[in-house]
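Below, chain A partners chain B and then partners chain C, in two separate complexes.
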Partner chain A sequence: MRALIRLVSGLYAIAIYGFIFLPVVVLILFSLQATSFPIPPFTGPSLRWYEAVLADTRLTSALVNSLLVAVLSSAVAVTLGFLSAWGFARFALPGSGLMRGLITLPLTVSYLIIGMGLLVLFNWAGVPKSLLAAGIGHVVINLPLCFAIVYSQMGDHQINIERAARDLGAPEWKVLLLITVPVMAPAIFAGFFLSMTFSWDEFVISFLLTRFDTTLPVEIWNLLRSGLNPKTNAVGSLVFAVSIVLVVLFELMLLRRKPA
Partner chain B sequence: MTAPLVDISSVSHRFGQHTVLKNVSLTIEPGSYTILLGPSGSGKTTLLSILGGFVMPSEGKVLIRGEDCTAVPPAKRPTTTVFQDYALFPHMSVGSNVGFGLRMQGVNGATRAARAREALALVGLATAFDKKPHQLSGGQRQRVALARALVVEPAVLLLDEPLGALDLKLRRQMQDELKAIQKRVGTAFIHVTHDQEEAMALADHCVVMNDGRIEDEGPPERVYARPATRFSATFMGESTLISGTVTEAKSGKITVTTKLGSLSLAGTLPAGSTVALAVRPEHLVLGAASGPVALGMAKVSDVVFQGSFKRVLGTSTTDPALHFIAKVPSASAVQPGDVVAVSCDAGDVILLAD
Partner chain C sequence: MNSASSGRALPWALVTPALGWTLLFFVLPFVAMAVSSLTAHEGGGFTLSNYSQFFANPSYWQAMVNSLQVTAIVTVISVLLAYPFAWILAEQVPERWQRLALMLAVLPFWTSYVVRSYSWLLVLAQNGVVNRALTGSGLFSEPLQLANTRLATVTGFVHFFVMLLTLTIFANLKQLSPSYRKAAADLGAGPIRTFLHVVLPLTLPGIMVGAFLTFVLCIGDYITPQILGGNNELLMPQLVMMQIGRRGDFPLASALSIILMAVVTIAYLACARWLKIERA
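And now, the complex of A and B:
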């Protein structure tokens, strides 16, 4: 009986992980295809499609754009998120609960709605479609996330540490820079890397807010319009690899056990 | 007469509707070791926070070295605090922790390191300079916190239940060291605690607080021997409390009538006032070799062996609501269930106005 239960739960686990990862495995497998169509039978392995991706200046410049937008927008999002989390954690503000709710609200609004809203707003304000506009969009979606991560890690025991610094003569900006930021560094880096992950493969907002210079997901979409070929698999695998690296960094930062 | 180092005048504080300090005035002399003693909720920690600048009092003034510091932020006050949880900076080495205050004053790196080493040597941790706080034990962290607060040479050092997180043995040991360090540096220490033994061992000046007020203050010997109020008699050590009424008063002598009989004592209270008489456990005499003031018979309910003495709890046979607490030598043969005569010396009876 026990053996049966173990068998069934084992099969169930395989089914679940298969369901989640099979598409990715297939994607990566056929990125190594030697012939021109990403369909069975598998003819590889070959790196010719990766070479093709790296030789395609539109794809490589989109890749650089994506990294640039991800790094800069995440830096802005985590800075603003940290400052607001610190403000909420350390000061009694009027309507604090409501304001905290409002700041995290964008987490529940679809990217499409946020993108459309920004498109209308930028049109009205005369901001042209650009990487900057997409970057601002990414700050909008990632700031609530950074806020939530940093805020959740701001415990009361840090209040006395900050007090001690003030007591020893530190002005407020030095308390923040020399004490709060280093103490909160794991949460701050975690917020940064998770933001980068989301910004890195975000499509809808970038699609709506960029025109000539665009990000990698939008460029991939352009590529897909001309039909499937192993090049799209190769570029997709690259995107996936970068995302994995970022997620691992996030986990290392947030979940790393610190010596007590 | 020189001005006191710290002058707290008529300070009151409210948290919302709740008044935690009620018109408290206190002066601190230079070089003194002051203990604020009281139960939780007595306002002692709030008073310390007001001194440190972390809380602005609702009313009243705080003068330090003659300057009005009531609204001066902690960074600009000549006070430093040793926090109960030590509040060391976890990402900095012990040396950087201790040097932090000097760094904020713009002292250069070499001088800073030298003075941090001196301060660490003072607290007996010279070897910990390069360690991180998490590598130290609780007692060691406590010393680092002390060194960090002392190195900037504050006018007043504030200690918020500094020994509260340590085990008993370490606490007694740190207590002796605190006193020795204070004598060596000569800085005025103000120390908050709810441990009366700590208070008696450390204080030059003991301030007993209850319900937002100062109940009693003075040298600990005086506060113990002659407590000013019923609360301070019970909080600072144990007592047997006997209530009574003054029935006669003339020329510095009063007669107090209690359920145990009449007692003649030195005092000036008017006839008719209700009083409480307190007797310290070590002053109660059990058995035949009775003292001059007889306190009737007591039925012993419990005898607790405490090493160098036995603690005896008993109930008066004439008034079952009256509980005796006595200390007798360990060799004493008193047993639970015994009925013994209780007496004391008139000079050991503490008269407390009710």
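And now, the complex of A and C:
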């Protein structure tokens, strides 16, 4: 009985892993295709499509735009999220529950609808489509996330440290910068990192709110119009590689922090 | 500045930027969208025509039916595939390998969403890997039409949500105290009975949360159906985007977005009630 369960489990796990990895393997394999179509038979390995990607200024500038939007919008989101989390956790404010609900509300609405709303608003207000507009949208989706992460990590023991600092005569801004921020650094970092990955991968808001200068997912979307193309495979594989490096770094930082 | 006045001003100074941002760039856009949905594309005053169009035009109505069908199919299949997988990772894989096994199981999360859908297009294309394997093995003489179908959309979605649900169900199974299982075993229940009467009911609320998340993310997604399903069969988000792209009809797009949001809200209310009954 037990052996049978193990056998069936093993086969099932292999099948699911196979399903999960199939598209990624196909993507990477045919990014190394030597000929012009990313379909069998495999004719590589060749790096010509990676060279084509790196030589394509539209893609490389879109990559820079994406990084810029991700870093800046995440910085704004985590700053606003942290400050408000601190305010709500440390001070009794009238209507606090309602206001906290309002800040987390965007989590329940799909990106498409958030993007649509901003498009209609900006259209009326005469705000042109731009990376800035997309960045504003990215803050909207990531602010609730940063707020929720930091707020959930604000515990009582940190209040005591802050109190000790105040008793010793530190003004509020010093308490904030020298005590609260370092103590909350893991939560702040987690919020920033998560926001970065969401912003980096976000498509529909950027698609609706940018025009000429755009982000990488939108530029990849534009590539798709040319149908199946090994160049798309190559840029997809590169994005995957960058993300994996980031994730591994994140894991290593978490592991390093644990024994301390 | 004396400490009494700073004591009152400081907390507001901390929370106002976040509140202001949410009001200005989330609530106000929503109001703008709601107002826009009540105007005609050609200009003029207040009208309900955008909403009545949705109910009168069978092709719009059909998009909602398609969306609900696809979302329901995706949610059910994803839960059914992910639960045993998460169970195997949590129960059958040795403790020290679990973290690695889980990380591998969600690795493709880190490809970009657009690229992941495109990868499935590669797999399912007329001359893609699957069709080559099928015709090559002699099972079929002609390649099958797999891409640009509902099957392709469902496959792309299931791929994403199996990973997501594996994560949430795994966390659920690990939170379950082993003493429940021991107690069941002590009382004479075999592994199958323990699973059906103890483990499954205790993880059901977690499954519901995961299923709801799947529902919300799936029904609002534009990328997967557009890349994999093509334009043969429209889903709601495609219909919304079409109004903006081709015709610049913001009022109709706004009305359709609000209808889509209303459906999600109804699902949320239904789901929340169901969850509470389960827990009581």
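By our rule, the second predicted complex is superposed on the first by the 244 of 260 C-alpha atoms of A that agree within 3 Å, B and C clash if a C-alpha of one lies under 4 Å from a C-alpha of the other, contacts with A are read in each partner's own complex, and residues count from 1 in each chain.
Heads up, the rule we're going with is that a residue touches a chain if its C-beta (ideal position, glycine included) is under 8 Å from a C-beta of that chain, and two chains touch if they have at least 3 such contacts.
Keep in mind that this is a model prediction, so the values were computed, not measured.
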item	value
When chain B and chain C are modelled together on chain A, clash or fit	fit
Partner chain(s) touched by A:D167 [first = chain B, second = chain C, both, neither]	first
If touched residues of chain A are counted for chain B and for chain C, the larger one	C
Which of chain B and chain C A:I179 touches, first, second, both or neither	first
Inter-centroid angle chain B-chain A-chain C after superposition on A [Cα, multiple of 10°]	100
Partner chain(s) touched by A:I114 [first = chain B, second = chain C, both, neither]	second
First, second, both or neither for A:A55, with chain B first and chain C second	neither
Contacts of A:L4 with chain B and chain C, given as first, second, both or neither	neither
First, second, both or neither for A:H157, with chain B first and chain C second	first
Minimal inter-chain CA distance - chain C and chain B, angstrom	6
Shared chain A surface residues [contacts with chain B and with chain C]	none
Contact footprint of chain A on chain B as seen in their complex	52-54, 73-76, 79-81, 83, 85, 87-91, 100-101, 104-105, 134, 148-149, 152
Chain C-facing residues of chain A, complex	1, 5-6, 9-10, 12-13, 16-17, 19-24, 26-27, 30, 38-40, 80-81, 83-84, 86-88, 90-91, 93, 99, 102-103, 105-106, 108-114, 116-121, 123-124, 136-137, 139-140, 143, 147, 172, 197, 200-201, 203-204, 208, 216-217, 220-221, 224, 228, 232-233, 235-236, 239-240, 243-244, 247, 251
Parts of chain A lying in touch with chain B, wherever the complex brings them together	157, 160-161, 163-171, 174, 179, 182-183, 185, 259-260
Chain C residues within the chain A interface of the complex	6, 10-15, 17-19, 21-23, 25-30, 32-33, 36, 81, 84-85, 88-89, 92, 103-105, 107-108, 110-116, 118-123, 125, 127-129, 132, 159, 162-163, 191, 216-217, 219-223, 227, 237, 240-241, 244, 250, 253-254, 257, 260-261, 264, 268
